[in-house]
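Report on the structure given below.
The first chain written gets the first letter, and so on, giving A, B, C and D; residue counts start at 1 in each chain.
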Amino acid sequence: MAQQKPVLTMTGISKHFPGVRALDGVDFRLFPGEVHALMGENGAGKSTLIKVLTGVYGTDAGVITLDGAEVSFSGPMQATAGGVSTVYQEVNLLPNLSVAENIFIGREPRRLGMVNWREARRRATELLARIDLHIDVTELLGSYSLAVQQMVAIARAVDVRARVLILDEPTSSLDADEVAQLLRIMRRLRDDGIAILFVTHFLDQVYGIADRITVLRNGQLVGEYLTPELPQLALVEKMIGKELDDLGRIDAAAGRDPEAVGAPLVTADGLGRTGSVAPFSLTIRAGEVVGLAGLLGSGRTEVARLFFGADRADRGRLTVEGEPAAIRNPVAAIDRNIAFCSENRRTEGLVGDLSVRENIILAMQAARGWLRPVPRRRQDELVQRWIDALSIRPADPDMPVRNLSGGNQQKVLLARWLITEPRLLILDEPTRGIDIGAKAEIQRLVVRLADEGMAVLFISAELEEVLRLSHRVAVMRDRQMVAQLTNDDSLNADRVMRAIANSEQEGAVTP
Amino acid sequence: AGLLAGGLVGCGNSDTGGDAGDDGKIVLGFSQVGAESGWRTANSISIKDAAGEAGIELKFDDAQQKQENQIKAIRNFIQQKVDVIAFSPVVESGWDTVLKEAKDADIPVILTDRAVDSADKSLYKTFIGSDFVKEGRLAGEWLVEQTADATGPVNIVELQGTTGSAPANDRKKGFAEAIAANPNLKIVASQSGDFTRAGGKQVMEQFLKANPKIDVLFAHNDDMGLGALEAITAAGKVPGQDIKIITIDAVKDGMQALADGKFNFIAECSPLLGPQLMELVKKVHAGEEVPARVETEETTFTQEQAKAVLPNRKY
Amino acid sequence: MTTTPLAAPAARAWWRLPQRHVPVLATLALLLVMYGVGVSQYRAFSNVQVVFNIFIDNGFLLVVAVGMTFVILTGGIDLSVGSVVAMTAMVSASLLRGGMPPALVLVIALLIGPTLGFAMGCVIHFFDIQPFIVTLAGMFFARGMCTWISSTSIPITDGFWTGVAQERIRIGENFVSVSVLIALAVVLVAAVTLAYTRLGRNVYAVGGNPQSALLMGLPVGRTKIAVYTISGLCSAIGGIMLSFYTLSGAPLIAVGMELDVIAAVVIGGTLLTGGSGYVFGTVLGVLVLGVIQTLITFDGTLSSWWTKIVIGGLLFVFILLQRLVGIRTK
Amino acid sequence: MSTARTRLTAATGHRLFWPLVVLLVLLAANTVYRPSFLSVELKNGHLYGSLIDIVRLSAPLILVALGMSLVIATGGIDLSVGSVVAVSGAVACLYISEQPDQNSIGGVLTALALAFGVALLLGAWNGTLVAVIGIQPIIATLILMVAGRGLAQLITSGQIITINSDPYKMIGVGHLFALPFAIIIALAVTLLVAVLTRRTALGMIIEAVGGNAEASRLAGVRSRRITFLVYVVSAACAAVAGFMMTANVSSADGNAAGLWVELDAILAVVIGGTSLAGGRFHLGGTIVGALIIQTLTTSVYAMNIDPQTALLFKAVVVIAVCLVQAPAFRARFRRRRTPVVTPVAPAEKQKEQVPA
């Protein structure tokens, strides 16, 4: 990189919310033609820094310059006009509009002052095809899975051709394929001289693409480093602010001790739903972690929803502990000690208005019925325990959950289900947007819970994570369950990928 | 298309909407204001009963206090080719267009209860109803008479009807005109009680607190007067004596209060104009001459008169 | 690693209806059924003029409902429309009585509504106050202005006004009024605006999720202010149409109209929470109310209270069927 | 800084602070106009005065608004409360008027039970339409709003039913411990609703359903049941309000009873700080809202504001109420007054930076 002037600088940025100092005198700079990773634990202030930059929040103090001139955007509209294009952390698109509209709204192709929909559709299809997404762009965005929505959001931001591109955890719900796809696009844009600010919790992605890294901790700047000069270990230490012990290291063998697996707990027999998932059979045993692998939109979430009764199966049977169970709604599932941690925490998980405490207690309270409130003392106790266990920050149980950072929200959702002490825990992307420290914590937790006899259905876009934790891996493809592979030493990512790619060759379906 | 559809459904059972006169009956389309008061309901019932007795087929429409609805109803009457249209206008103005349509369709129109302010008097045949201004004036004149020898000021509070409604406007006007004759008479407070008992009571409560000396209450209808009665009693005053009460309408409860000595005077506004209306409808249909204005038979009541007539009041 | 492209979508058959149009079409079908019932019950119902009358009598309602559609699409609500309609008619009538030339009166009358709408939109946006309360205050204000101008109704005798009011546009043996043409023009302009302009799309975006729309860099504030201004404008047009219709301004006219209007919009399939709906649906909603009203007048045997009960009942049956059809097709 | 000041900021930050200020300003304006406005005297062992009137007259509105708060908290709305008021009042009065002895307590209690039962049915009807059939609340309750008023008039045959029953009258104008009985009923119902929602988990669950219905469903909340329940509660509250309103004038007027009360109730809820979008609800705020509305009406009469301009006056006050309440509005003024917070000196910490 030549001696260049930064396209963007932020100096002495401070921002506080009631009770929280989210940013405290943070400096940040971004050069043209670089990918700059912004790193930090959950709640470190990454998203806040981005929102301050694009004018979503005002600052308490600090100066922002763009191309040397001081700027103060009044909102994303101005920021976009000023050449800063952003994908915010939670997918912030419009589910009630079509995919094409979501991509082009605000800058629709026009003819004679009228929006030219034909052109918009054509260009949208083309744009998505370039990132290997072949979907009907006239369908409502809301009808697609979260991952597809995220891809659409990226397509929208990338198409703007701004000077500065900001991506706040764009990869958290993407498969390896899509991630690779995205990194390729980022490289291309970087080579075109665009400055990219990239937030992620995946270290391999950072080391795969970032030229420079800035680390935040507790709203304060730790430092700015060139990637090659900062070893992974050092980076993690800087993020968490203490010496690294054996963080992130899970004893793979302990994760899937076949001895611990007990009797069949839940069995799906030809379970299916028209237009959603083809009938499948799957048995989950007590103490067993079953992973679901598959590409984006392959139907993993749908399988989970059928187990939980979130969608009603229209064929097949479910048996719980040998007894037929008609699970037609979540209440019935919860009655049978099944818990489901959904992937889209914002729309299907949390109630933003309610406090952390109320969100954590919600499922337990719902199961007891409203007439028997959980005693306040017990609530405080439980909530405090899980706030500590998952290190939810800020550790204020009365904070409205919408004010928490993305990763911390995810932990709250997890805590909600853990306090119900389920026997089958369905986790759909539980580590989405969670920092590496917490992620390791959650993985350890899954292992421990399984050891204690809990059955877990584990869905994650990270194949590696699935492989590490699961006793068995069920493979989904085109909304069909095409294989069930026992996770012995011979199983690796490659074999799973092959199973996904063509099901015919994999015959290893375990009953 | 009309023919075809008519032929197709010719066997439809309740074919009441058919062209009039099939069985020689006169068809009267009547659009009522609504059912906003007991008075109005009595009015509707009177019209329905009278139509039945007179052998007139009545198409009754309730406009729910909306002029738009009345205009719609009249249009539909025209479509149904009724013989005569009658209606009680919600407001005075704004009827020319639709009345012209009726005239073009050769359907005579009779106004009931309230007049319209059309410049073109040929748009309707006649008007039958009461004169709100006159009612207010009668009430005022009685008061002037009663207080002829009063030396000091006489404080009056007024309970108006719904702000902007014709009876409220006219009764207020008539009353004000009449009491101008005696400079001692002074309206010290005037508020809208929305023609309801609850409204009358609530307003009167505040009047009583704000005005230490109230001699007379004039309420635009009996209901507000009846509500005010309770407020007066609750304040420890004797209605009819400490505070004289004058109202308009003469509904049964009002007459009872008058007979009991709680009210002092009521100007009648009779809702029972059904029989008179049916007479007019027949005449108009037969093409006979009718007077341009027919006033309903109305009177006023004092406490003694009320006692005498109360036992055989229908309404 | 191999990239397996996701299955390409099956080519859509040309006749397959887009999912989101199904509710509107179901509503249309039900409306036709209801009309059919009327025709089979009452002979005169089949006159074409009956249909035209529904348009003539509900023209102003339609225009106001179109404005309301914009507001509801953004997830807001405008309670002031009925009063603004009345105020516009009142102001026109009183200005005309004062001898002002009709052209000038038209301009002034057309300005009042949007101005009030703009003001309300600004309060809603800049001070972040719930639309319900702001427009309720607007409703009190406009109605207060009506009674303040005059507590009695003011007739309009102006030549232009009476001319327009009584103008009959013949279509065969039947006729429509000028108002019908105005209403249709407004519907057309609104439909095009919603479907083909940025403003229109922003309206849907704000209704879908204002937070997201903001983060996507859309002019949320401007859109919000715009819809209340549009609603004000539509109310003003509706007010003028009403003054053509009744040739007067009356202080108590159009009381409770906001409810009819909101009902029409919602029956037309627009979600009260915003983000989904069509102007065409609103047209259907207005027609549903109009047909119910007409059915009841044609019957002519109902007492006042049965009228209300039957209106409620018909509304219920209609909504229920609409809902069931909606579920079936899902 | 002194603790007095922090206590002040704590007070002004309280949700109820600004609505209460508005209420006090209104009362003060009345007192300036007529100094005896605030005086409360004991007449025949009953408290008597404008203040008492205000509270007594707002009692029915408070009841209706309490039910409405819960409905609104679930993200719904109930337009039919006015009609339920009319129906319940009509049923009760009709039954009493047909009793040989209108003063019999048993008869009155039966009438109340009957009317209450009818109201619960109406509430269940609303609840079914919204929760089971899934009709948008505004339309679902609009049906009953229109038809219910017809029903009330059908029951009364369009007439005003006048009754002469002292026990029934007690509900509206009676006194207990020198206080109007209506106030005591309102207090009791308020307490009941507060206990029901805040001492059990009902309140939280309602807020969860209103805040995010899908998330609540997936958390195992029987959201339909809750939605159904709030409409029933709303109708029950409206029924009691109906008893109060009809007892106040000892007559049932199918047409006028409870007319437009739905608007007032919604307004009270909104003034009280509950969002129409659903979620958090504030019963205390609702009550203050109802008091403000009634004070406003009473002020018009007490200050003898010309009925022609009364609505303008109301418009001004309503706008003022919501403006002072809006944080965004106050922030605009505060920003001008208080200086910008001086940035805290960056923490003494070693920062590393690499050259560009």
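Some points to look at:
One rule holds for everything that comes next: a residue touches a chain if its C-beta (ideal position, glycine included) is under 8 Å from a C-beta of that chain, and two chains touch if they have at least 3 such contacts.
Computed from a prediction, not measured in an experiment: that's the story for all the values here.
Taken together, subunit C and subunit D share the touching chains A, B. When the interfaces B-D and B-C are ranked by how many C-beta pairs touch across them, B-C comes first.
At the far end from subunit D, in terms of centres built from Cα atoms, lies A. Centre to centre, using the average C-alpha position, subunit B and subunit D are separated by 35 Å. Per-chain CA centroids place subunit B at a distance of 33 Å from subunit C. For the pair subunit A and subunit C, the distance between C-alpha centroids works out to 43 Å.
Inter-chain centre distance (subunit A to subunit B, centres taken as mean C-alpha positions): 70 Å.
With touch defined as above, residues shared between interfaces to two or more other chains in subunit C number as follows: 147, 151, 303-305, 307-308.
Under the contact definition stated at the top, the residues of subunit B that touch 2 or more other chains are 34-35, 41, 44, 163. Under the contact definition stated at the top, not a single residue of subunit A touches 2 or more other chains. All chain pairs that count as touching, in label order, are A-C, A-D, B-C, B-D, C-D. Interface of subunit C with subunit A (complex): residues 1-9, 12, 18-20, 192, 195-198, 201-202, 204-205, 207-209, 211-219, 275-276. In the complex of the two chains, the subunit C residues touching subunit D come out as 123, 126-130, 132-134, 136-141, 143-145, 147-148, 151, 259, 262-263, 266-267, 271-273, 303-313, 315-316, 319-320, 323, 327. Touching subunit B in their complex are the following residues of subunit C: 39-50, 53, 56-57, 61, 146-147, 151-157, 162, 165-166, 242, 245-248, 250-256, 293-294, 296-305, 307-308. Against subunit C, the residues of subunit D that register as touching in their complex are 75, 79, 129, 133-140, 142-154, 158, 254, 263, 266-267, 270-271, 275-277, 307-316, 318-319, 322-323, 325-329, 332.
The part of subunit A that touches subunit D in the complex is made up of residues 1, 3-4, 6, 12, 14, 24-25, 27, 29, 31, 60-62, 212, 220-226, 229, 308, 310, 329-331, 333-334, 340, 342, 347-354, 358, 361-363, 365-368, 370-374, 416.
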